[in-house]
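Next come the structures, one after another.
Paired with chain B in one complex and with chain C in the other, chain A is shared by the two complexes that follow.
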Partner chain A sequence: MPNTIHIPTPLRPFTDKKESVEVSGNTVGELLADLTTRHEGLKRHLYADDGKLRNFVNVYLNDEDIRYLQREKTPVKAGDSLSIVPSVAGGVR
Partner chain B sequence: MTNSVASVPDLSQEEIRRYSRHLIMPEVGMDGQKRLKASSVLCIGAGGLGSPAAMYLAAAGVGRIGIVDFDVVDYSNLQRQLLHGTPDVGRSKLASAKDRLKALNPHVEVDTYETSLSSDNALKLFEPYDVILDGTDNFPTRYLVNDACVLSGKPNAYGSIFRFEGQASVFATKGGPCYRCLYPEPPPPGLVPSCAEGGVLGVLPGIIGVIQATETIKLMLGIGEPLIGRFLIYDALKMRFRELKLRRDPECPVCGDHPTVTKLIDYEQFCGMRPEPPAQQVAASANQWETTSVELKRRLDAGEKVFILDVREPNEYQINRIPGSTLIPLGELPRRYQEIDRDQEIVALCKMGGRSAKATDFLRSVGFTRVKNLRGGILDWVDKVDPSQPKY
Partner chain C sequence: MPAVTQGSPRTAPSVFDLIGNTPLIRLSSFESGLRNVELWAKAEWRNPGGSVKDRPAARMILDGERSGALTRDKILLDATSGNTGIAYAMIGAARGYRVRLCVPENVTPERKRILHAFGAEIVFTDPMEGSDGAIVRAKAMYAESPDLYFYPDQYSNPGNWKSHYDTTAPEIIEQTNGRLTHFVAGLGTSGTFVGVGRRLREFSSSIRLISVQPDSPLHGLEGLKHMATAIVPAIYDPTLADEDLGVATEEAFDLTRRLARAGVFVGISSGANLAGALQVARQVSDAVIVVVFCDGGEKYLSERFWDERGSSGADQ
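The block that comes next holds the complex of A and B.
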């Protein structure tokens, strides 16, 4: 059962410019692992060297922050979508 | 906002005519309009977001609008920063903004602060204002605005833009989340490109800045459902808004139950912008890992063989380039680096040096040893070596 991951603009250079990627897995962690297998270049942007999700990268399951669910162990069901929400600073210049 | 409407002088006949479309709505009405007149907002930045926000807030009759900026109007601003026009190029943004706002609505007081917001001045600058509108362009200032809002108890009408995508929320209200609840720590410098590097669709700050202005007015009037605890993401290409839930994090270092940040800190350092190695080390590492436009030009003229790797995007390469350079966009480098002969010397460049620094780090991590970053990027090359090429 494929799920969709929304890719934010700053990370699209690493997904062949795709704004969403179809992935499969049973948990949030498995979906992200599938994503970084398909798009190797994303890995260092999402994960620190110790294999943990970087803490300036927020991951949402539908509209809920996974930090308030079961983080990467959160189970997913058909139709759920993940969003990666990185911090963006732009404004003035 | 709890401004006493009674303390505000009545609206003049001219003001009543001007604000009539507000006055006939019961949600605003005479009391609401007087409340707006008694209210104040401080816009951090008179750029892409600050322009539409300040213009609509002025037109709506917000009594006092402060603006903090230290920049000068540049041609590259005009594609989106409607506070400034072509005749304003070269003027201070504050002078240009003040003229524009006063022309829109002479009943509005405009305070200008020609300074960069810092830990030393932020709390003092915020003090007289009801709402802070964050339209800045860098992480240190984002965190500074957030922390100063939390510490001074002022709501932060937040907006941020990148290419075709925008974000908006209201932070630091009583009991609501702050920016640090969402992003406890900044990304390391260079990992997220700036607008100057990534570009921005000119109309995008129009949408996001006006959302910030809308939230500011709702806060002042105390009407509607403010964008508190919600994070709005706008995708201009899809023309779609998405909303994510935000919570105040009880562990948040600034607004949490046991805050550890109780005064403003050094935000440049917090964002890793100042690693501060000893001066000697800087010089040595600059020699080893960096080169300059002038030095590169000298070596090319001397017939030395250097592989010039441009890691920008193809549309940037169309604007200007170093003759003989090879284009491999940063995002494609991880799967294309084997196209590069690792025995020759490589000089990597981008627009200003940020992305190419990442490229050189990456190449070193996969075993390249002779890689240098072109300091200042193509802009420096155009300035110092080839002014016949356009800048962007």
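The block that comes next holds the complex of A and C.
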């Protein structure tokens, strides 16, 4: 069953203006990888050259910051959704 | 230390009168390896509200009072991601105006607490939409009740850039004895860059004007805008800059940490502006570069990046 990733306004130019994208995978990292496969242009905005998620990119699994879970290794269930939330500064919410 | 600090009044009738006349600080520790280049920072965190935004906020409020658009019964309304809101809230508190601000919900807790301390009302907007979401909300609220509000609209109000044309730029010219060769500032509302830039251009056509932007629409550079993907402010003049530089958030974080280790505790946009200034500085010789440091580091203390390791490897 697919999961949904909510895309913030600033990144919608790279998702054909879509507010959310259906993706599949077993972990947060796999969902993000699927997202950047479907929308190649997003990659450099989300990942550093070393392949790590850029440190100011905030990803929430449902309402939890993945930094306080198992980051990209966090398992996902059917129906879980991810949100990429812009940092106004660091994006503590 | 001198007994009397020139240009900095020791007494003032109100906080309003302390706005402007900020110092210019030499960044000697960042000049090594450069070819006779002086780097100077305009210390805007020394304004009473803690940021460069005191200047445009004061100007737009004064303009409103003079034109009659701002009266005691009006609520001051605007969209802000932080510093302009703090400036409005401070001046509003000092002059007896109610202040209502549209702010993205994910601004740092420090900002929310400062706005609250000054007694401003906050209307939170969708964090997914960033600062543009706050702009859209403020416009809608004003359209719904135009008689209720004084809406300076910092992104469109000429008073924003004129405050810098009339104060920041002449201060910089005086403080450098007219020797400056390059001016570097980040683009948010673009008020600082446009106002200072226009005045400097009139003073000397040879001064190079360099604007700084985030290198990506998704960034952590508080207060700066990625113009290609954001709502472009009406006051922005894209023809003014000689050069426009993109800065990565990681580089700004790194320089912000290095500035603190050099005793200059400033916010992330100052680190970004210094990144731009250093890009310029490495390409020139015999130059006097002035870069704007928009605010202090206090409002960013809850940020993670202070604890991360920089590319220099020296700090932890």
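Keep in mind that, in the parts below, the second predicted complex is superposed on the first by the 87 of 93 C-alpha atoms of A that agree within 3 Å, B and C clash if a C-alpha of one lies under 4 Å from a C-alpha of the other, contacts with A are read in each partner's own complex, and residues count from 1 in each chain.
One rule holds in what follows: a contact is a pair of C-beta atoms (placed from the backbone, for glycine too) under 8 Å apart; a residue touches a chain by one contact, two chains touch by 3 or more.
None of the values given here were measured: they were computed from a predicted structure.
By the document's definition of touching, of the two partners only chain C reaches A:Ala48; chain B does not. Using the contact criterion defined above for the overlaid structures, shared-chain residue A:Ser87 touches chain B and also reaches chain C.
Once chain A of one complex is fitted onto chain A of the other, the partner contacts of A:Thr9 extend to both chain B and chain C. Judged by the touch definition given at the top, the superposed model places A:Glu40 against chain B, while chain C stays out of reach. Within chain A, the residues touching chain B in one complex and chain C in the other are 6, 8-10, 13, 45, 54-56, 58, 83, 85-93. On the chain C side of its complex with chain A, the touching residues are 81-82, 104-109, 111, 127-133, 216-220, 222, 226, 229-230, 249-250, 253, 268, 299-300, 302-305, 308. Note for the complex: chain B touches chain A at residues 45-50, 69, 71, 77, 134-139, 142, 159-165, 167, 182-187, 191-196, 198, 200, 205, 231, 233, 235, 237-238, 242-247, 329-332, 334-335. The part of chain A that touches chain B in the complex is made up of residues 6, 8-10, 12-14, 19, 40-41, 45, 54-56, 58, 60, 63-65, 68, 83, 85-93.
Those residues of chain A whose C-beta lies close enough to touch chain C in the complex are 6, 8-11, 13, 44-46, 48, 54-58, 83-93.
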